[in-house]
Amino acid sequence: MSFVWGLLYGTGAVILIAGGAVVGVWWERKVSARIQLRLGPQQLGPAGSLQMLADVPKLLFKEDVVPASADRLLFRYAPLAVFAPIAMSLAVIPFWAGWAPLDSAAGVLFFLAVPSISVLGILFSAWGSHNTLATLGGVRAAAQMVSYEVPRALAVLSVVVLGGSLQPSELMDAWRWWWIPVTLLGFGVYFIASIAEMNRGPFDLPEAESELVAGYFADYSGIRWAVFMMAEYGAMIASALFGAALFFGGFMWLPGVAGLAVHIGIAALIITAVMWVKWTFPRLRQDQLMTFCWTVLTPLALVQLVLAVVVALWL
Amino acid sequence: MSAHDLAVASAAALVLAGAAGTALARSATRLVLSLGAFLLGVALCFLALGSPLLAAAQVFVYIGGVLVLVLFALMVVGRGDGESPRVESRHDPGAALVALGLFVVLAIVTPKRPSGIAPPEMVSPLAVADVLLGSGIVAFELAGVLLLAALLAVLVIVKSGGER
Amino acid sequence: MSAECRTVVNVGPSHPSTHGVCRVLVELDGEIVRRAEPIIGYLHRGIEKMAENRSYLQVVPLTDRLDYVGSMYANWAYCRAVERLAGIRVPERAEYIRVIVCELQRIASHMMSIGSTGADTGAFTAFMYAFNQREQVVDLFEALSGSRLTYNYVRPGGVGADLPEGWVERCREFVAQHPAAMMEIDDLLFGNVICRARTKGIGVLTPHDAIGWGASGPVARGSGVDWDLRRDDPYSVYPRLDFTVPLGERGDCYDRGRVRLWECVESCRIVTQALDQLEPGPVQAEGLPRLLAPRPGDAYDHIESARGSLGVYLVSDGSVRPYRMHVRSPAFANLALLPMLAEGHTLSDLVVVLGSLDPVFGEVDR
Amino acid sequence: MTSADSVWFVVGLAAGPVAFLVLLLGVNAVLAPSRPSALKSSPYECGIPQAGSPWCPVNIRFSTIALLFVIFDAEAVLLFAVASKVRGSSAGAAEVAVFTGFLAVGLFYAWRKGALKWQA
Amino acid sequence: MAGVDEFARALEDTPGGGVVLTSIDAISNWARGHSLWIMPMGTACCAMELIAASFSRFDFDRHGSIPRPDPRHTDVMVVAGTITKKMAPSVKLLWEQMPEPKWCVAMGNCAVSGGIFHHDTYSVIRGVDEFLPVDVYIAGCPPRPESLQDGLLRLREKVRSESISPSRRRTVEGLLPLPGGEKR
Amino acid sequence: MAVTRDAIVTPRSVTNDYPGGVAGFVQKARSLLTGAAITARAARRPPVTVRYPAEKLTVSPRWRGALRLRGLLGRDGIELLTAQSPAYNSVIDGLRRSERLPGCVGNCPANVDARGQSFLIADDRVAEAYELVRQRNIMPGVLGRICHHPCETACRRNHYDEPIAIRPLHRFAYEQFQEFRPERLARFENTRGKRVAIIGSGPSGLAAALDLMRLGYGVSVYEKDAAAGGALRTGVPAYRLPRDVLAREVADLVEMGMELHCGVEVGVQIPLAELITRYDAVLLAVGLQTSRILPLPGAEAEGVRGALEFLRAGNGTGEAGVQGKRVLVIGGGNVAVDVARVALRVGASEVRLASLESSEEVPAHPWEIEEALDEGVIMTCSVGPEEVLAEDGRVVGMRVRECLSVFDETGRFAPQFGESLTNIACDVVVFAIGQSAALDALASDSDVKVTEQGRLVVDGSAFTTSAEGVFACGEVVTGPGSAIGSIAAGHEAAISIHRHLESIPVDASDRVRRPVPTYARYAEVDLRLVEDLRRRAVMPLADAEERARDFREVELGLSRDHAMAEAARCLRCESEICVGCTFCARTCPDLALMVERDDTPGARCLTRYELDLTLCSFCGLCAEQCPTGALVHTGQYELAFYSREFMTFDAAEMLRDPGGTRATGADASRHASEGGAAE
Amino acid sequence: MTRMTIDELREHLCAAYPDLCPLFSVEFGDGVLLVDSARLREALEDLKELGFDRLGMVTAVDFGDEFELVYRLTSRSMRVGMFVKARVPRSIASVRSTVDLWPSADWQEREIFDLFGIVFEAHPDLRRILLTDDWVGHPLRKDYIDDSIIRRPDYL
């Protein structure tokens, strides 16, 4: 029975991600267009909102090329390994008071742990492509994703310290509005580290268009490539929703559906901010990225942790 | 066979399959893949045995960290001719013998648990924390020191790497 | 162990950051470039050979296609060589118009280069902003010549047509807003901490190397080589115009990019002055036959293009076609610096260095 | 939720996306054209046949990054394990602080040594 | 893979399959036509207009066309600029690396026929249709971004005539671009 | 952004670094916020994207889109314009007031329609051509011989090879016209009942007469000499203008209704005041009668003569009293050359021309000098007259001073003389350095004022004198000039009189613009490359040795074939109809244009006109080169094709008006929905 | 600092290297030193010593039996540019490289080698640069024949 539930939630997560990606890509194209003084998609639907409905079927009807020299097994199924964990991670996000799809006792850790499987997927895809650019991109991606996991985890940890529980629902029950100023620094670290985790600008080195053309998915075409893109958007959605819940209380502000709307609203703002950042800043270099992680972000996360521990003493 | 048993058995099967794959893999990528399956199986085992914290930690540290490290290590030592890195398993019968012996010993030593009893309760992270901060405090702090030592070791490696 | 096997990777010929069809064969040690060898010629179209079979006027459209980011320069350099060869005196108004269009062209060209610094480092939006400025210049040129890119405007003996009505006002409007827009791009790009980190100390060119390798234009000036043909080998009406030549100190990508940025501001000043001094008059030397047949001999003339000193060497045998045309392309000389500048930096820096040299392959390969 | 349930739940959770993707790939396999050729299945490298092997050794720094990560990962996991006890407990807080302190010191030391600088 | 051809043939043999085929065609052609991602094979002058086309002023994103430098992700190769003998193998390789279905637009006269470099030169390929199947030719030197836009809209019309079934593909009549004139 | 341009000052060094420590960190952080603020601000600005079809980027008059032919000679129902057709007249009238004036017409003071002439001759309609020319140039037969043809200097063909022989074609037209003369000459009636007296029958007077007759006035011309023609008769040597030609042209005018009173000197035989009362208007076109003679020492000696007197004597009687004498002509103008050549013909033993200007600057027309030198005239340049050497009151020579330069930097006449002096031996000195009017007798009894210098007081644009109803034109107003200039003045004066009589207000815009290009040639056209077909017809000349002995005509006139071919060379500039000159195809760097034509006279037309769009580089040279303006770039640039075959446009395609572009034109509605008019 | 005139350059050159002086001429306003190919290297070395620190352009012209090599030198200190020309016979088209004097000659000499087939001795890396490595012939030679060339008809 629980398998069926799991399957249901898993499929729901996929649909959420797919729908989110459709809206998100459109939104990103619009946001970037406005920032760049453009119009963005115009033709299909109002303000081009149905543009993705053309893009997705097109990718679906696109030939699926597998390079001859590629490791066919890795190449074919690496997108699954990238996408599935991210979809799974959505299951522990609390959307409702006292409820999360997988309200595990170690839910918060689950959220951090499971997507790290997709690092492996990226490495496999890169290596499996047997392509120099892809390999470079994949290695960059892996190094970056594992590195930024540390400050991200520490930032989340500070909320856990305040909440005293790893269980999402319990954590949310304990959430109070004044945590926002206390964990603001943590949110900053979480925000930046999440951008790096989802390989978006200014940390989009693995797929850096100006250097590696497309990075680890250079040789992927059609729907498999779309899966990578969906994973990217999925990671963005998951991070935004999780961050909105943990650092901004998510649904806690209003009861019921209104709360859910607030939660999604905050997440949408975070996503917009991610896009804003991407379309504003240049890209870091690999060494700067690493140095930034270890010498700025990690210490800041530690500072936040200490702060949270100090505050937690009074609880 | 209860649902619980089935879960454990499935996880164990994954572990065994992964282990076998790791032992028999010819190419490095398959080896890592098998290792991943093995580690995932262990995580599922932990979950099935009622410790989600341990399961998550297993995934976090081993799959997200150690496995990547292994993959990197494979890439670092990759052969210069650009061939797919191959694993030179000699499949020593002696080693197999030792492994088999170990298995037998473990099978004997491990206390038997009768099938059909209720699955264990979920272990709360709070309980783990209690243990770690209670009786396990020394071990906990020792782990911290150990990690510090490891960090310094890494620095040494980095330094020597930098020199080269 | 990593010393013996280096990753060899091709950047280009079809790569978003090679600014055209350049191929750089890169040997990587990890991410670090140990050797970068530019392989050029992917756009070698044999323009020098073609010029030998075309009349002097028919060569002008060919020169448009040399430096397609700044067609006016090649037009002008070629026309100067022809004028020198045939002894043509250009009306003053035409000289002013040439200065105006070429300074606008400098802005347009530098916008491309500055913008692509942004694109190379991943700040695509800055590229868009820069390109919007470029589009305005292109609009002006379009009103002038009828074409957006290959203007065929500067001709032997003058310019193709007089300024259309209202053009001067539009031009003034543009140069009035441009410096402020440049400051915005400066804030967005060269003021940005990430961009500085990406460009400072990258691809350092010493003044000694700059001279020895024949670098010119912003590439040389970024290294502090104070050499600008507009001032040091004055031609046309430049002696009557007041402008500063901005210089860099370090010779890194940052300085090169910022030299370009400030040159745009200076170009605005020059254009304003030239517009003030512009007086009515003919724009074409009269009495030029359609088929010029200069005396036998050779002539060389150069101008300061957006990329450096662009020279055209013409040999005439007295017929209506050039006997030989050679284009001394600044981008060609600048690109030769790439292996030296990129070595030891990472692959990411390679594209920034390449972008900061601002090669245009129509001109490099000819 | 029992432990077994959670196993099946997680498995189901994984099966959902996988099933969805397999469905997509299946549709793709049926509806998308497929005209493989030798050139098409050569790896992309900016329009030139691949110059060198992509599987050359990567920089050793990547391994050290991974090593560092494993250390901090382990630390983070241990911290997660005890984090829930910090709230309102000065002892727990102290334990955590000491534990974090070790690593902060290590990190600071490494930083000062310049080991965190990724020398390009 | 079994591929789409057999699937289409099977559908055609099935009663009522034609309707399904038609609707699949309609969906795919609509989707493909409105999502023409560009592989910018820009080599020379025309590349500048290709860049301009996707930038603020002309913004091809309006039509759903975005440039992607990787051939694997794109549908239309826009060959913009002179193709030299040295460059041609690369263009060919990149074209081959694009997944089906794919289209080729020869933008600018150099790509159409060598244009200004048709005569007298030794190193230029006289038109990419010497080695690529060109779907739309755009005259101009370089064509303005509006011309490219027009070319892509024409390509969209051409895409509409395609079918997943080989027997249903139609050929498009050449169109004279002069407005007010009849098609020829 | 509130940054003004003045606030932005370029630094000498562009390098700048973050400060160290906290300040640097703050600056780094701030740079990120600044960037974010810039993009956020941009997002609030309206997009710069162009929206179709409502908006266009720029409207450039020079857009280089698809090429189009506006018209093609003799093809596809394009009406051939004839001199008689109102269409042609309106075209010409339009041209005369617009910028589309072809160079030849514009540069002609009288705006003679040389283009129309060439067209009609090439079409074998010579009589019409003659009549067309006569509209502005009253005596084509005369001017066809003596005109200094500024039209040819401005001929566009100069840029390609050699100009059209416009003047010889005038003459050719005149000669051919003689056949049709009886049937085509029509008499003008005095429809308005007003009469105008014209004093002087020189070119300007006759021009005014013809115009006034055409306008319906009665015209009486008073000439003091025995025959009409004025300076044409007395000044122009007969070897250039046979007298019978002049007489016949005048006779034509008389036949058309002009009253001619020869041998009547107004002011002597009839007072001017009487004419003023008898006629509604009087036009003074008396020209210049006396030559200036420099007041040098010895200028009173016998043998010092004025050019006009000399010419009058030489032309009139064939005897000027220089038989066997050495003649020195002072001056470098055309009159001086005429004098020199006449002197040769009346038997001077040696004729020397002494000009102030250097040989490059001599104001006389180069071809005149060339012919004179051929005939044996000796030229001495860069000398200024110093003193007439006389012995016993008879001229024995001339002392001249070296002249260093004639004009100063600004181009004003300010001769600089050197030190060296030379004596030139001669028996007769003829001063050809200028002329002046003799008006005292004429104006003495009327309100017409004459200045102390002997000039009329004239409003230069309206040609009115100080007396009501009295007008003046010609050289008496403008000073010495060309015949065609005088004719132009006559036309203007006729308009002025017409306005006066009909009380039409003067409108300055009615005046014809007269662009007079200065012509400095940098490089000669390389004629080696010009095939014979495109060469100018060479005017046959009488043998130099022989012609110098008498007053036979030097130029022999074009043959019919030559004239037809020559007329066909005309490019019909600015007429917007393709004449098949093929210069577009020749100029095209890419060989995108393929042009073939049939050159048979009468059937002359293009047989093929094709534009290969695949080769076109849109450089615009062809349209620029097009002399007629028939080949134009349109703003229609959306040129996408499914097949390369369709990219070649044939003549029919080239002629069709595309009517706008896809983005804005008639076809725009089709893309309106797709173009993204939303937002 | 003002620009040096041609006459000053001539004097300067004559003062430093009297034997080069007779080879100096002025063409279209540029100072030109026409040297024998044997003395080319020596002249260039002297000029470099004299202060010509930049080699702006190297190119060649095909004059039938001979190739003319054209060096464009610039001196920043004297603010003057000049040409050095030398002719080499077509049969032995070879000249000493100047890469060691001015590195900027590197690619330019490769280009001349590529397009004219003139060999530069002691050039560190003399390969084709613009054309493919397997190209046959040197296109900028006047007698270059390539079947793929479509001649533009002589149609002026």
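Going by the order they are written in, the chains are A, B, C, D, E, F and G; count residues from 1 in each one.
We take it that a residue touches a chain if its C-beta (ideal position, glycine included) is under 8 Å from a C-beta of that chain, and two chains touch if they have at least 3 such contacts.
Since the structure is predicted, the reported quantities are computational estimates derived from the model, not experimental observations.
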* Structure fact -> In terms of mean CA position, the chain most removed from chain B is F
* Most extensive contact between chains (C-beta pair count) -> A-D
* Which chain is most remote from chain E in terms of Cα centres? -> F
* Relative to the centroid of every protein C-alpha atom displayed, which chain's own C-alpha centroid is closest? -> C
* What is the distance in Å between the mean C-alpha positions of chain C and chain G? -> 24
* Separation of chain C from chain D, taking each centre as the mean of its C-alpha atoms, in whole Å -> 46
* Could you tell me the distance, in whole angstrom, between the mean C-alpha positions of chain A and chain B? => 26
* Could you give the separation in Å between the centres of chain B and chain E, each centre being the mean of its C-alpha atoms? => 52
* Mind pulling the residue numbers of chain C that touch at least two other chains? => 1-2, 5, 7-9, 13-16, 31, 41, 44, 46, 49, 53-54, 61-62, 64, 125, 128-129, 132, 135, 150, 188, 192, 194, 291, 320, 346, 349
* So which stretches of chain A touch two or more other chains? -> 33, 35-39, 42-43, 61-65, 104, 106, 109, 127, 132-133, 135, 139, 142, 146, 149, 153, 165-166, 209, 213, 218-219, 222, 279-281, 285-288
* Asked: Counting only residues that touch at least 2 other chains, which ones in chain B make the list?
  -> 52-53, 57, 60, 64-65, 68, 72, 75-77, 80-82, 84, 122, 125-126
* **chain C to chain A touching residues, read off their complex** => 7-9, 15-17, 28, 31, 118-126, 128-129, 132, 188-189, 192, 194-195, 197-198, 346-351
* Structure fact -> Per the touch rule, the chain A residues reaching chain C in their complex are 32, 35-38, 132-133, 135-136, 140, 201-202, 204-205, 208-213, 279-288
* To do: Report the residues of chain B in contact with chain D in the complex, numbered from low to high.
  => 2-4, 6-8, 10-11, 44, 47-53, 57, 60-61, 64-66, 68-69, 72-73, 75-78, 80-85, 119-122, 125-126, 128-130, 132-133, 137, 140-141, 143-145, 147-148, 150-152, 154-155, 157-159, 161-162
* Structure fact -> Listed in rising order, the residues of chain E that touch chain F in the complex are 56-59, 62-63, 109, 112-116, 118-119, 127, 129, 134-141, 143-144, 146-147, 149-151, 153-154, 158, 172-181, 184
* Given the complex with chain F, which residues does chain C contribute to the contact? -> 54, 57-62, 64, 86-89, 125, 129, 132, 135, 139, 142-147, 150, 152, 157, 160-161, 164, 176, 179-180, 182-184, 187-188, 191-194, 196, 200, 222, 244, 246-250, 254-255, 258-259, 261-262, 265-266, 268, 285-294, 319-320
